[in-house]
Structures are given as structure tokens and as C-alpha cells.
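Next up: the structures, one after another.
Both complexes below contain chain A, partnered by chain B and then by chain C.
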Partner chain A sequence: MSAPVWNNKVVKWVDDRLPIISMLHHSAYEYPTPKNLSYMWNFGSLAGFVLVTMILSGIFLVMNYTPHTSMAFESVERIMRDVNYGWLIRYIHMNGASMFFIAVFIHIFRGLYYGSYKAPREMLWWIGILILLAMMATAFMGYVLPWGQMSFWGATVITNLFSAFPVIGDPLVTWLWGGFSVDNPTLNRFFSLHYLMPFVILGLVVLHVWALHSVRSNNPTGVEIKTPQDSIPFHPYYTIKDLFGLGVFLIFFSAFVFFAPDFLGHPDNYIPANPLVTPPHIVPEWYFLPFYAILRSIDFTIFGIPAKLLGVLAMFASIVILFVIPWLDTSKVRSSKFRPVYKWFFWLFVIDTFVLGYCGAKAPDDYFMGIEGLKVIVMGQLSTLYYFVHFLVVMPLVGKLERPKPLPASISESVLKEGANA
Partner chain B sequence: MSQTVQSSGDHNPDENRRDFLTLATTAVGVVGTGMALWPFVDSMNPSKDVLALASVEVNLSNIPVGQAIKVMWRGKPVFIRHRTEREINEAEEVALNELVDPQADDARVEKKEWLIVVGVCTHLGCIPMGTATGEARGDYDGWYCPCHGSHYDTSGRIRRGPAPKNLEVPTYTFLTDTSVRIG
Partner chain C sequence: MRKFALTAMAAAFALTALAGTGAKAAGDAPVPPSQDWSWDGLFGTYDRAQLQRGFQVYKNVCAGCHSLRFIAFRNLQGIGFNEDQIKAIAADYEIEDGPNDDGDMFTRPGKPSDYFPSPFANEKAAAASNGGAIPPDLSLMNKARVAGPDYVFGLLTGYEEEAPEGFDLSEGKHYNHYFPGHQISMAPPLYDEAVEYTDGTPMTMEQHARDVVAFLNWTAQPELEARKSMGLKVILFLIVLTAMLYAVKRKIWRDVEH
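For the complex of A and B:
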């Protein structure tokens, strides 16, 4: 890769002193990208777009928001009613959180299906998981800020999770609260950290892209770029494809913002927080439901470890386990396209996460999909079991036992073959 | 560093002194950084004004037998129940080995007719129902937590459900027969 020669004198002057233009040219223009990327490869840039949208809309919300228990709820209502376009900015921010998780979840499932976590992309994968964790913390703290009933009780239930740890649990929770319950000090620190975290995420995204550009993008065949014929420059081919995808995504996003802005939220959060009354049914936002289901499904004791601590550990483990899947997956083949057995388990896993999400949304004693005799708690336990079995048993075993289909010799060959078949 | 004499490694007095200085400097640096961080960590602990709101006085004279009230103490509700004869008996007659978190009723009350407990479920911090008349009181006539289904008895002890411990008993003193200071 030769350094580009700049004809413009100003550009050259700057670039000779700080090669930022060369760097951008290198990573957003000539970056050699596999020529067979499908639309599944659009979600990374979409997530990046939503991150920027969240930061910008958030900065404008802060101009009118008051982080105090006696004024937070009203300041949000004032944004909705009195601030010019306040309703729009808030609805963009509120639904943007959901859009961020939609884009990132699809991005993660894409990585799981095409084996994007396998060598040499482990660091890339790890940074991605760190981004997910940072997003979850940010979304949780942001949801507390409007100081509605769900804000308050969600914060209470989630911070109480930490009391499950022996010895340090109670002092830790008091420290998190800055008092003896979720109150004004808690709201203030959540506001401070909610403002900080997006910039931490931004930093992680820079590392994520850096790692990506040093190991290169995976692709639907899972076969690495071998010759220049296998790749095309990022610009204009993928800039235009990403922009087209962005257009479609914005239609979807706007449909929520303008036509169903509260569809993904919970109506109870339009009731001001009341520390004396617990809502009858506390549910987290939809993107936390599968994890909430895992937390709740542990209602038994093992080896004297209380159910509450086990539930918390299982919930954290459900994400931490993603760090080790580059080693749990024993298959040499990356893409599930060429893995006739694992492919089915992958889709079973996808269904499993949806089942978990459903269980997380329902009361434990309800019947699963109205099926008489099948309680939500039992279904939650079964799907929690499969969640871990998938990573700990299916991934290592299928990788060893399965006979993968023959891989194409190169990306180019697979593209030409598919073209001939079409 | 690059001039380290290989053969006389440990015996070189100069090198020993340098190692010691490096270690000592590092140690002082680490401890110093820790000490500099502590004020920031501790600033997140409850502040003096929060701690100052630590007690509350309650007049009990207008709580009839069989009813209960909620009062705020340290930002959380405290349940005060004027127990009936039957509720006291129920609480006292339970065998301790039937309990999840074994504790005798007389260890949890100062005066038998007054049960005073922190109204926060020991599972994940919801407020159990059963204080106001007409609310569900669970299968053991005490409180029922709607969040994850914990049942508490007439002594505020956990009997069934995911909560690991009994409802906490705050420190309190009876000032007179009909007034109590919590905290």
C-alpha cells in the first residue's frame, strides 16, 4: 500500500505534519474489502451511525434536563411539551437506544453465524463484547434519568443485584446508591456516568475499527482475502452500499419515532417515581429481557450458593462466556454456510434467545404462550439451560464431529461460481 | 540498565541499590495513587446530610389493632404493624426448623403487639404488599412481594419465594407506650 500523493498544497502541508488525511484515505477509501459482503455486513456502520445520533440528541436533551429527583420527571415533560422540537429530540434518543441494540444484536448474530470471532479476530470480538457491556450500562443508567416508576424500580432491582455478593454486597450497594436507597445522589451519579459512557464507547469503537482494519473483514465464505482479485476498495463500493442500507434503516427508525414512539417503552414510566409503591409487574426494556429471564430462572440453590447469587452469576456469565467462544468453537471452518450441522444449532440458538426474551417479559407464574401446564419459569429454565449448552457442549462437540462442506478456493472463485449458477 | 554485568548479577552492589530504589519508588507510587483515588471513591458513599436524616419519630396511638402503616426512614419504607392476638400466636408457634432464615419471633420484636420491619424485600428491593387493608398478604398472613413472589409471615420472616432473608428489623426505641424512634 503506497502512501497517496496529495496534489492540493494545503492538504499536503497538513498531511506532512499530521498524516491524518492519509490515515482516513487508507481506512475509509482504499481499505481492501472482500468483494462478496452481503447486507449482513451493513450493521456495523449502522450501529456507528446510531452512536453518533445518540450522542448528538443526548447533548441537546441535557440542555433542558434537570438531574434532581424533584425536577427530573417534570423537566422531561417540559422537553416533550414546551421545548421547540423537544418531543422529536427525545423520541429520537429514546428509540435510538432500541435501534442501537437492534443493529448491534444483528451485528453479533452475524459474527456468530459466519465465525467472525475465530482467529485472527479474537481481539476484534473482545472489543465488541466490551462495547456491548458498555452499551448495557449506558442504556440502564439513561433509562433511570426520566425518574418515572420504571426508572426508579428498574434502578432499585438492578442495583440490588450487587447485594447478592457475600460480605461486600451491602456496602457495595450503599456505595452505588450514595445513600440507603435509590435517591437523589443515585440519580446524579447516573446522569454523570450516562454522559461519560458514550465517549468511552466511542473510544472502544475506534479500537474495534483499528483491530478490524488490521485483520480485515470476514466475509460470507469465511475464506480470507488471498489475492487482489478477492477484494475491492471500500470507497465507492461499500460507502454506497452502507449509505443505501442507512436509508432503509432510517425509514424503520423514523417509523418508530413518528408513528409509534412509545411502542418499545413501558407506560408506567410516565408515572412519576414513587419510592413507596412498587408497580405490580417490573420489566426491563426489551433489549434486556433475555438476560432478565436468565437471572430470574435460577430459583434454586446449588452447593449452598443462594438462588439470588446464582441468578446474578448466570446473568453475567451469559455475556462473559462470549469472550471464550473463539476457543470453545473447535471447527476449523468459519462460515456456517459450510457447516451443515452447526447451522441448525445456530438457528436453534437464535430461537432460544427469543424464547428467553418472551419469558423475561412475562410473570414467572404465567403460562408460556398460553400453553396449559407449561409455566414461564420452567420454559425460562429450559432455555437458559440451552443457552449455556449451546456454547459449552454444542460448539466444542459439533466442531469435532461435523464434516464441513468443501470450501471454495478463494472469495473470487465462490463469487464467479455463484454468478454462473444464477 | 543495558550495562548490567551478567556474571556478578546479584552481587553487584550498585544493581541491588537500583533495584531497591525502583521497587520502593513503584511501591510509593502505587500507594500514593491509591490514596489519591480514595477521596473520589469515598465521595460516592452516603454524605453527611444523608446520614443526618437517619432517625424518625412515629406516633403509634392512631394505629388500631390489626392494621399497619408505612413510614419513610432513610428513603425506604418501614412497616409498623399493630398485631392481633392471632397474628402473634401464628408468629410464635412456627417451629424454627421450618424457616428459611431461622429467627424466633421474640428476637424480632420489643413489644409483642408491635412489629417494626424495613419494608424492602430482601430479594431485589421491591416493596411487599400487605400493609394497606385489602392488599394481598401472601400465604402466611404477613406480606407478599409482587415482583418475584416472596411470601413473608406475621413476623416479617421469609417463608417462601426467592428472597434469602427475613425483612430487616431496624434499630428502634420506644419513647413512650405510643411513640417510637426509628434509627
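For the complex of A and C:
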């Protein structure tokens, strides 16, 4: 942990004045990392890689994009047809958004399974949730920029949500729009903020990594590093493991970019925005579907609070609730590996989010998976209920009632035991 | 550990499949049957002769009502025409230009850099000439509909002369199997020998439809061939690189109990 001694004179000169090289050495080279991390620990660095990819591809797209309602759609088509490799840059950016959410969702589920939100990692977890929120805002505004039908109507539906708030609702929406409907001022500010937000995310990522390096990585056992035998330096062990993971991830990413670039998008967004024609189904991008299902599933009033406001509150609550799970989870054990009961509830929760996603994609009056008599809206309501039950009831109760399996004394011990069993 | 990673991987794939269901959620019309297209699959490419026949169909049939505003004559190089042919094709069109030094607009023969002119001066004119319906631009049609090429092919070949018993067809509308709601303003555009092919290809209605769908797929995705061929190289490279990274990873981790 002591500061390294630099032999190179230039390096030493710089480092004596600004210890940036020592800092990098400390955090990317010797950073002591649990030696038992599984491949589930690859997704944080993958998300970081996608963030950089998004910023770079975005910067090149901006060079050719025109944020004006009468030219935005055309300028995107110009990028696709006339800019050298414009189609490649745009397809990377379009699919990169999905890849970012895939990496981050897996990263979050990893944290939930292994209890990475528990003390002393609450700040680390909070910053992560802020990153998720910033990503959602960025992705939403980015989807508006091509000014296709889904851009326009998605923006209209989502910004209209804010009108649900009493008294301030309508003025708030007018303020957001910069007018009385989604129009050129809206597009302009979304463009400006869409360029700004990634750098906010980058700043949050720096804080996230800072917090990580001060509390250290969690690991599959959930047992902290106790002796030097439990950890290995980040480089070369995890740099090479992350690089290998990146290779696999890039193959997955490339398969979409080159062979199914529009698979994750919506065909309606290749129709220019038309305020006079509403598409039959306004569907958000796939990564918003579970939240959209929660929003839509509240179609009733409670204590005179209108359904729309309740839906909006439920949707925001579904993310905000993540802030308090370090206290909702009453178990002393971090990793679900040693929690025989909670483990099952975890997977039930994962399934629940998929069911929500499915419900978000379908029309409310469709039948759930074609099951006669089970409307999508009802299934959406049940799974919304379970979403909150998981956090508010299951987490506190199971933590109290469950008898966890015995924990290994240390990371090294668990590694040796697993090796012996294999 | 490995099991968890695999489950998560499967979840990621399921997630993408789920997104697919979102895209397919819309509409009350039957799903058009899937056709074999030359550009399908990893190695799919366009058939230049087919694209040129399709262009002929567009030019002689569709262009009467439908614009193609993202395509310039120079782009036709992509379907195999040479410079002289493109100049000749462009010169067949009258393009409005100006203003000239007197401040007047004028028309001149088209140049390769011009875009295909729209058949109507504006949307109102288009609606007025078509019973209130605006014929959509076709440049992106194959990307702007669910199951794009199959849908357009289904639509072009899916007309019925008589609406089924009990179906209330409005005045001036036509019955189509695949159009949402089944009532479409466009009259059946294609028929046998609608266009005269010179390369011996049978001039059936279905063949015309197939060819024009191919042409419209090119207008929607002119980059398709470059994209797929680059994709093959990129993924092949990544597979080799990833395998080597895995070997290095194994070697570095060899002496660590983990």
C-alpha cells in the first residue's frame, strides 16, 4: 500500500508534483481484489466501456445531426446514407444504449443477489442508483432526437406524466416543453441535455469507483477480505479477466450492430414525427418496459388521489425504493449463496421484472401470454404488487426468519473448500 | 458461480427476445407470411438484376403517387447502373430549380446529384388527388413496418376483389388482407405484365411485387451489404481475439486458487 518508487525521471517529476501516476497505480494496478470474483463481476467494467463508446459515437453523430424539427429526421438519414460509416456510428450508438442497460441491469441484479448494497457499501449503492436514473433520463432524451413517430409520441406521453402532480402539474409540463406541446424548443433542450448528461454520468462513475475502492469489492461469499491471502492485485488478474469478458460482450454487441441493428428498436421511428397522427401503440424502448408496466397498472384511485398520479408515484417509487434496501434487508448475511430461503425469492423477483417487461410491451386488454381470461393489465397489477412486496415484506421478514447456512471463515477457506469438492 | 453466470446470460437473451415481442405487439391484421429474400441471413446480398427490375416497377408504377425523397439518382450506382446510365435516367426527369438571375423558378433536366422528385407539390395536393389519403414516402418503408419486406410483399399481393361477406367496405376503399383494418385507399397497383422486363424474368404480378420489395429494401438499407460483410470480419476477428485473451487469462490465473 505504500507509495511506489518511480525510477523513470519524468514519471517521478510528474508524480512528485501531482501524484496522479501513484493514484492510477494504486487503483488500477495494485488495488487488492477478492480472488474469488465470478464472471458476474465483469459487468461493471463492461458498463464503463459502453459509456465511453456511447460518448465517442455520440460526439461523432453530433457533428452531422441537426436539432430542428424540420431537419432532425433528414439529418439522421443523411448520417445513415451519406456520412462515411455514418450507419456504423449510428447503429453502434442505437444498440449501445441497449447494451448499456443490459450490462447495468445484470450489474444491479448481481448486487442484489450478493448483498452488495449492505454496510459498508450503501454510498456505493446509492451512487449506482443515481447513475441508473441519469441513464434513464439520457436514454429517453436521446430517443427523441431522431424525431420519428415514437420519438415524438414517447416524448409526449412521458412529459405529460408530470401533469399528474396537483397544482404545479400543468405549468411544469409547459415549462418542460418550452411551449404548449412537444415542439422545436423541446427538441432543442433535449438535445442539449442529452449531450450534458453523459458527462454527469461519467462524474458519477468516478464517485462510484472511488467509493468502491474505499470499501473494496464485495465477492460471491459476501465475506470481507481479511488477510492478504484473500486478495490479489487488480492487474494483471482482473484486467485480463475483464478483457476476456469484453471480448465476449463485443461479439454479442456486434451481432446486433451488424446483423440485427433495428431488432431492439421500433419500426414506427422510421416514420417522421407527425403531431396529427397517433401511432396505434405507443411503446417505450425495452429497457423502460417494466417501469411502464408499473405506471400503467395503477388504474384506480385511492383516497381520491387520481390513478395517473398514483401510477407516476409508483413508477418513481419502484426505483427510489432501492435507496432504502440496505435497511429493508434485515439479514446479517450478504450473499444469497448462504441464504437458502431468500435465494428463491431473489429469482422470483427476477422473474417478476421479466413479467412486468412483458406486460409493458403488450396492450392492456391483450391476454397475458395468450391465456384466456388473464388480461395483461391484471397480470401487470399482480406483478407490480409483488415488486413492492419483495422489498417491503419479503426482504425484512425473510432476513429475520431465515436460518442462513454457515459462512466460510474467509475467502481463502471457501476457495479451498470449493476446490476440494470439485 | 458458473451456473449463476449462465443464468444471467440466459436472462440477457430472454430480455432481448422480450423486446422483440414489444415490436410485434401492434395491429389487428394477420401476420404476413415470411418470404425468402436474397439478403436474408449472415451472407445475404442483393441481386443487382432484381434491384434494377424493382426500380423499373417503382418508376413505372409506384412513382405516380409515392415519393422516394431520400434517394438521389447518383445512389443508383448501388443497384449496378453506371455513370452514363444514371445521367440518362436523371435526364428523363424535370427538376424545378432556381431562382435564376431574373428571380424566376425554372425546370431543367435532372442531374445525378438531384433527388427523385415528388409526384405531388405538397401533402395537401397529395391528399386531394388520392381521396384524402396521403401516399407515404417509400424510401424507408421496409424499415418502417413490422416485418418490413414480408409486410410490403403481403400488402402488394394481398388484395381481394370482393370484401368478405359481412365486411363493410367504405366507398373508394379496397380490401386488403394485411393492411391494418383491411381498408386501404390504394387500388391494387400491380397486375401481370404491369411492367415489361427485358431479361426474360416472368412478368407475373407476384414477381413484380417481389422485385419492387427488393428495390425498396435497398432504398431503406443501402448499407446492408457493406454492413454484413464488415460484420463477418469483425466477429471473426473478435472470436480469435477473445480465444487468445481466454488463453492468456488461463495462463495468468494458473497458480491462483480461486
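Descriptive notes on the structure:
To be clear about the criterion, the second predicted complex is superposed on the first by the 422 of 422 C-alpha atoms of A that agree within 3 Å, B and C clash if a C-alpha of one lies under 4 Å from a C-alpha of the other, contacts with A are read in each partner's own complex, and residues count from 1 in each chain.
The definition used in the following text is that contacts are C-beta pairs under 8 Å (C-beta built on N, C-alpha and C of every residue); 3 or more make two chains touch, one makes a residue touch a chain.
Remember, predicted model here, so these are calculated numbers, not experimental data.
Model built by superposing both complexes on chain A: chain B and chain C fit together without a clash. When the shared chain is aligned, no partner comes close enough to touch A:70: not chain B, not chain C.
Judged by the number of chain A residues each one touches, C leads among chain B and chain C. Legend: residue contacts after superposition of the two complexes on their common chain; A:174 is shown touching chain B, with no touch to chain C.
When both complexes are overlaid on chain A, the residue A:275 reaches chain B alone and has no touch with chain C. Once the two complexes are overlaid on the shared chain, A:185 sits against chain B while remaining clear of chain C. After superposing the two complexes on their shared chain, the closest approach between C-alpha atoms of chain B and chain C is 8 Å.
For the contact definition in use here, the residues of chain A common to its chain B contact set and its chain C contact set are 280-281.
By the touch rule above, chain A contacts chain B in their complex via residues 153, 156-157, 159-161, 163, 174-183, 185, 189, 275-278, 280-282, 296, 299, 306-308, 311, 364-365.
Those residues of chain C that touch chain A in the shared complex are 1-2, 4-5, 8, 11-12, 14-16, 18-23, 25-27, 42, 70, 75, 136, 139-140, 143-146, 148, 180, 220, 222-223, 227-228, 230-232, 234-235, 238-239, 241-242, 245-246, 248-249, 252-253, 256-258.
On the side of chain B, the complex with chain A involves touching residues 41, 44-47, 50, 70, 72, 74-77, 120, 123-127, 129, 145-149, 162-164. Across the complex, chain A meets chain C through its residues 35-36, 38-40, 74, 77, 80-81, 87-88, 91, 98, 102, 105-106, 109-110, 113, 220, 232, 236-237, 240-241, 243-244, 247-248, 250-252, 254-255, 257-259, 261-268, 270-271, 279-281, 283, 285-286, 289, 350, 354, 357-358, 360-363, 366, 412, 415-416, 419.
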